[in-house]
Amino acid sequence: PTKSNPAATANSGVPLGPASAVTLNILDVAGNLQLTQGMIDDFVAAHADTISKVTYSKATAPELAPKVKAQQNAGRVDIDLVLTGVDGLAAGVEQGLWQQLLPAYASRLPGMNSYLPGAAAMQKLAGDFGVTVTYYPSGPLIEYLPAKVPNPPKSADELLAYAKANPGAVQYARPANSGPGRTFLMGLPYLLGDKDPKDPINGWEKTWAYLTELNKYVELYPSSTSETMKSLANGSAKIIATTTGWDINPRVLGQVPKEAKIGSLNGFHWVTDAHYAVVPKGVSVDKQAAILLLLQHMLTPQQQAKAYDKGYFYPGPAVKDVPLSMAPADSQKAITDYGRPEYEQLIAGNPLEVPLDAKALVAAFDKWDREIGGAKVKK
Amino acid sequence: MTFKQLRLEGVTRRFGGHDALVDLDLTIERGEFIALLGPSGCGKSTALNCLAGLLPLTAGRIWQDDTRLDTLLPEKRGFGMVFQNYALFPHLTVAKNVAFGLQMRRLPSAEIRRRTDEAIALVHLEEQARKLPGQLSGGQQQRVAIARAVVLEPSLVLMDEPLSNLDAKLRLEMRTEIRRLHQALGLTTVYVTHDQEEALSMADRLVVLRNGRVQQVGTPEQLHTQPANRHVADFMGFRNLLPMTVTARTGDEVRVEGGGLALTGTAVGAVRDGDAVVAGVRPESLRLAEDGFPATVEVVEYQGREVAVEVVTDAGQRLHLRTADRPAPGDQVRLGVDPAALLVFPQGDA
Amino acid sequence: MKTGALVVWGVVAFFFVNLLGVVGSVVVSSFGTTWFDTWLPQGATGQWYGEAWRDFGLLPVLVTTLEVSALVVGISVLIGVPASYVLARRAFPGRRALYLLFLLPILMPPITYGIPLATVLYKYGFAGHLTGVVLANLVPSVPFVILTMTPFIEQIDPAIERAARMCGAGTRQVFVRILAPLLVPGMLAASILVLVRTVGMFELTFLTAGPDSQTLVVALYNSMSAAGIRAQQSVDAMAVIYTGTMLVLLVVALRLVNPTQLVARVKEEDPA
Amino acid sequence: MAAVTHGRVALRHRLAERGIDRQLLLLGPALLFVATLFVYPFFYGIGLSFQPEQGGPFAAYRSFFSDAYERGTLTTTLGLSLPVALLNVGASVPIAYRMRGRFRGKRLLTTLLVVPITLGTVLTAQGLLNFLGPTGWFNRTLMAAGLVDEPLRLTHNYWGVFFSLVITGFPFAFLLVLSYLSGIDPTLEKAAATLGAGWAQRFRRITLPLLAPGLATTFCLTFVLAFSVFPSAVLVGDPAGETRVISIAAWHAGYEQYDYPKASAIAVVMGLVELAVIAAVLGWRSLLYTGSTGGKG
Amino acid sequence: MTFKQLRLEGVTRRFGGHDALVDLDLTIERGEFIALLGPSGCGKSTALNCLAGLLPLTAGRIWQDDTRLDTLLPEKRGFGMVFQNYALFPHLTVAKNVAFGLQMRRLPSAEIRRRTDEAIALVHLEEQARKLPGQLSGGQQQRVAIARAVVLEPSLVLMDEPLSNLDAKLRLEMRTEIRRLHQALGLTTVYVTHDQEEALSMADRLVVLRNGRVQQVGTPEQLHTQPANRHVADFMGFRNLLPMTVTARTGDEVRVEGGGLALTGTAVGAVRDGDAVVAGVRPESLRLAEDGFPATVEVVEYQGREVAVEVVTDAGQRLHLRTADRPAPGDQVRLGVDPAALLVFPQGDA
């Protein structure tokens, strides 16, 4: 389509709005739509002249890159917007799949200026390709049933001692397949005071030693977080690794008894997590314009409040000054019923760390697979 | 393994609503050579299959001396069988097909080899011994089937048209071989054939079936000269079967008339004055005779020493005869028949 | 003989009991509320189905799945059977090499060829909608049909074909009127297996599907392994929907092509 | 003119002698299809495996084979897929053999045996986790019956994957074997029976050899399915340890490390190993009789 | 569709190293009835298959008038064929098997029905029309195969032992039917049979094969009375073939001696004084004659009107004869033979 108003074209080529309403294909590889679909639908309802229709599809992060790559190789991109976590973002950055959005269009996304500090750090991690849309401090936390574990461990050493005393009772999922699993992994260097918490290969001596020791008393590493939740619920595990979201949401869904409690280990650092919006290269400028408008909308506090959801990414909003009271009613109710007052204090009282970058994380997974998970065979 | 007697009592087999074999009673003595004879589809193969245990009986029993046989599995009966469609093992060579049964008996391999070779030589397949059945001609396959069955020297051999695909010469030779084996090994044989000459020349007793029912059991001579009814007669080569009416009966001699002919014949069964009957005569019993009835030659078929001739009487009755003379189509001839060669059967018998 | 039969049927029964347990536990769970350390869930509900249905917009997904599988099965049989006929019946130079070539797409994991294949399909405008999904799924399906059908065709006596030719039937008619009916059991088996593989083929479908041409398995895998927290039961419900769909397809297939028409029946008349 | 036709005809004739004639055109569609949609992408993938970012053309292969952890996936995968394929085919044969004749309920039983085909990996995985898990019905039953004190661990290890492969693979093998079996003329067995062969001998000497080509194909296909196991190895297995099958390694290289050359290399290794097994089986098959089994003639 | 002439030129077919058919030259005129005759495995079916286009030729050509036929696909030749092993379509009922070819010609369905019914009636299978081949007896299957081929009224009908599984009566009847169809429809027929009587009575010309090679082509009478060599003679029923030596030759009359016998016969081919020869005589040409040579009866086989007798001469030579008299085993008899009926062949011809 010809640009109707060349004057409105900003310095870098993307018009301020699409020439006519566009349809968007949005691919979610992070489970982000659970938090943001409300925001998007809201925008479409209000600005039908910008975006007439949205189709959603979902996939897992690893498959994202091949698919986008195939489309770009063929010169026909039909994914317009991707919602992804750190992993998918990084994979695309490495292979040059994403359109660079920043700093060129920063001015069109005023919401980015009011990111929470943690979210801002996550945005920095993303470089200039993704826009943070939701954020949470994550973990590592531990979860247990008070009836079965009257005296939960309070530190990493106590956790190890507990595992030793109760073989098979401590469980965390294989880090490569599980958010809480990897948060636990990335949190350990801070807990144990390792040399370089950002360098899993050379800087995590204590962490690997600890995990090796713990491994002796861990019976199995399920390949999904849900499995650990199930183990907790049915009593075959007593303490499992978790995060804020994985604490609240499964209890809301009835996967874990409501009375389950969380605990933290002394001196832990939050290893934060976020979801990003990215645009693949090859998307038309009209669509890009629409997407920028959409993102602008999504980063307003009213819309961000929807990210409280049912605690799935607790708290969820990436920007400041979004109290729970702004959230939709059912979301407020879920959080009031299943949330935990102690979170506010835990979040305020412990340092925030960004997660490992993608390369380091994969290296950590690999090492974990070889030395911890894979070591089981030889036993 | 051997037995004195095999008794079939009321053996019956139905397929769906169709009676393939009804109420077959037969006692087979050890060492007998029995031929089952009858038109296509009359139940011969069915009878063999029942005897072999390959088809469960719908009713009836089979006794081997005092043991009941019909509940025994086929492989326990120790019979040998030549299948009508051969049923060769397609993945085994001729030699291995033949050796199969011997191997099942766990004979020493030298003996297996020897007997296999003998059986293959018997059916003249030495050159084909390493071929697969799919590479054989029809007659060669049939010979493999024969060799496979006789190599076992079983107490009872069942053969279902074992020579149907062989040429006259080989057929004669195989007939002789089969008879010779039968006698030399003291086998008991039940032999299905569609060829009456074969049946007559090989068997001790013949069983004629029709529509699943036994028509007559007897020696070759009995069947040839005294067929029990018109169907057996028809089947035994009484090709001329004329509907006629009895005008007089004296003892066994009857006078019959019909179709413009008046003849004298021999009564078989209950034939009375005035009855509608069927008078049968073989083509070879019709003679050219000066004093006979007139007819016109229609077709002459060359058959070697003799010719087969089809004639029509003046009243339009078609007759077949064989003669060493060579009449030409269109010739006027006169025909006669011996009273002893003209059999008169009641019309309506089953 | 008797003990042999007993052992076989015993094993079959044991298999069924456990299978029932496996399937049953998923079905029960998909209708259950919470289910912790007990024999049965605490309550019953249909909510998970409703959620799965809504979350994934399953109706269009189901329709797509049906279309894709019907097309893939149909086309791969049409293309594959004639090819397997030639491979089974004819000896010609290069036959083995060809056989190998047809083996490869089955052997090679889609990871080796998935991306370039999707690229090709996108380049020519096939991918991103149904056509692409069908074409991509045909890549392993056609060879699959070829491999399963070859032994079936070998089993048929060539004399029957010759007889048909002597009756004036050309190659096409020999196929349609003579071979096809005789090959019904084989084609049925091959079709069912292709169907199952197609409905279950995740990678190629995902790589070539557009937003409107996702199949059930893509939705199912996402619900199972995509990031995000889902209730166990909702995954179970999805799995049950998936299985139900396949079951319907299977039963339809078995109905359409009634295996009791088969030829072998006649000779099977009496178990010996 | 006659001479010209002559030459042409003669050529056609000579080609036909060598087995080349118009019927080969029937291969056309399949060949075209595989050539356009598979060959190019496949060679692209193979080519990729020889183009790692560093270390020369064979670096990707070298890195796979020099690393015991990666190399071990081969034995792990074979250790899983060979027994499973053998079991699936081995169990199908006697069951299908028993189901040849006509009997009441045959149709139902066949359908029941084939139904697990529809389960799909996910339901199977979920079901196994639920059913065989520590508090699943299976362990509950065992414990209630007092057979064991501790729940048996049957998931998240070798056995979990094994069972899932059996559940998905058995009906597949059974369906094929049953159909292949139905193509064998029952008269042949009858003939063998009259020659004194008991059922075991009939089976071994007649049915099995005639079935063998079908069995070989069935084995190959089930083996390939089991060899490329991926979702269940992750879902019900122990993907870092006991059931780290080769496709996990390929996945890891391709989709986590984004090292496509290495992923392709692993996939090529995977294909080659499968090919070796299949070549062995098909080589054995080509020694056997293949041809009409009398069934449909 | 129809043609004037079918020419086989040097038609040859090899299987691996085995020559199944060598250099067959034959011209078949339209409307002829040709019978292929020869021992089992001699290449009869191979010849038919080559003619039908079902087996590619190893060498040679086939011409239909001026068009070359051997490169044409079988379905394009428009021939009909009865297969030796029937090759019925197992999934189609009898009626549908028969109708198949007509459907291929896209005839109107009413005509298909009519012609199918006719053909089924011709082979007496009305009652079996709805059955599948697997439910038929062997002979019934064979009749379906015949009906399936003739229903097409093809320009050339190839029949491979089409009557081998039928009983004598039906066989005779079918023979007549086949001849009748052949004439009524103006068909050309190539007929393979192992039965010389059948061949003699049906065919216009006979082709005798042996080991894939033509031995003789001629009318029935020629073959019957003047077999070209000892093999043809052997095959045509000269069951007594005696190795002898020529002692004198006058014109065609030769004097031969051997095995204690001295006989007069007729020379066939190059036979000279002192040559080792084979003297052949049919069983039916040996007579009981007072002035003949002496022999002892060994076996007597009942064959209806006549008996088949095996005798041994004093020098141990075994002879077969047929006679209407009934000698008993052990009887001393004297045998004679017409010089015209004793044919003397050179020994070593191929």
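All chains are identified by letter, namely A, B, C, D and E, in their written order; residue positions are counted from 1 within each chain.
Here, a residue touches a chain if its C-beta (ideal position, glycine included) is under 8 Å from a C-beta of that chain, and two chains touch if they have at least 3 such contacts.
Going by UniProt, the chains are B, E = ABC transporter ATP-binding protein; C, D = ABC transporter permease subunit.
The model shown is predicted, which means the values in this text are computed figures rather than measured ones.
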If you check the contacts of chain A and chain D, which chains show up for both?
C
Where's the contact count highest, between which chains?
C-D
What's the farthest chain from chain B if centres are computed as the mean of the Cα atoms?
A
What's the distance between the Cα centroids of chain B and chain D, rounded to whole Å?
54
Chain centres from averaged Cα atoms put chain B and chain E apart, in whole Å, by 22
Chain A and chain B: spacing of chain centres that average the CA atoms, whole Å:
91
Just curious, how far off is chain D from chain C if you go by their C-alpha centres, in Å?
14
Sites on chain A at which at least two other chains make contact:
63, 66, 177, 224, 230, 234-235
Contacts with two or more other chains occur in chain C at residues 37, 114-116, 119-121, 157, 159-160, 182, 221, 232, 235, 263, 267, 269-270, 272
Which chain E residues reach two or more other chains?
85, 87, 90-91, 135
Which part of chain C faces chain A closely enough to touch in the complex?
33-34, 36-37, 114-116, 118-123, 125, 127-128, 203, 206-207, 210-212, 214, 218-219, 221-222, 225-232, 235
If we count contacts the way the header does, which residues on chain D are in touch with chain B in the complex?
185, 187-188, 190-198, 201-202, 205-206, 209-210, 288-289, 291-294
Residues on chain D engaged by chain C in the complex (per definition of touch)
18-20, 23-24, 26-27, 29-31, 33-34, 37-42, 44-46, 49, 91, 94-95, 98, 100-103, 107, 110-124, 126-128, 130-132, 135-138, 140, 167, 170, 172, 175-176, 178-180, 182-187, 189-190, 193, 198-199, 213-214, 217, 220-221, 224, 228, 231, 235, 247, 250-251, 254, 260, 263-264, 267-268, 270-271, 274-275, 278, 290-297
How about chain E: which of its residues touch chain C in the complex?
52-54, 73-75, 78-81, 83, 85, 87-91, 100-101, 103-105, 132, 134-135, 148-149, 152
Listed in rising order, the residues of chain E that touch chain B in the complex are 15, 37-41, 44-46, 84-85, 128, 135-140, 142-143, 160-161, 164-172, 194-197, 200-201, 220-221, 224, 234-235, 237, 239, 282, 284-285, 301-305, 308
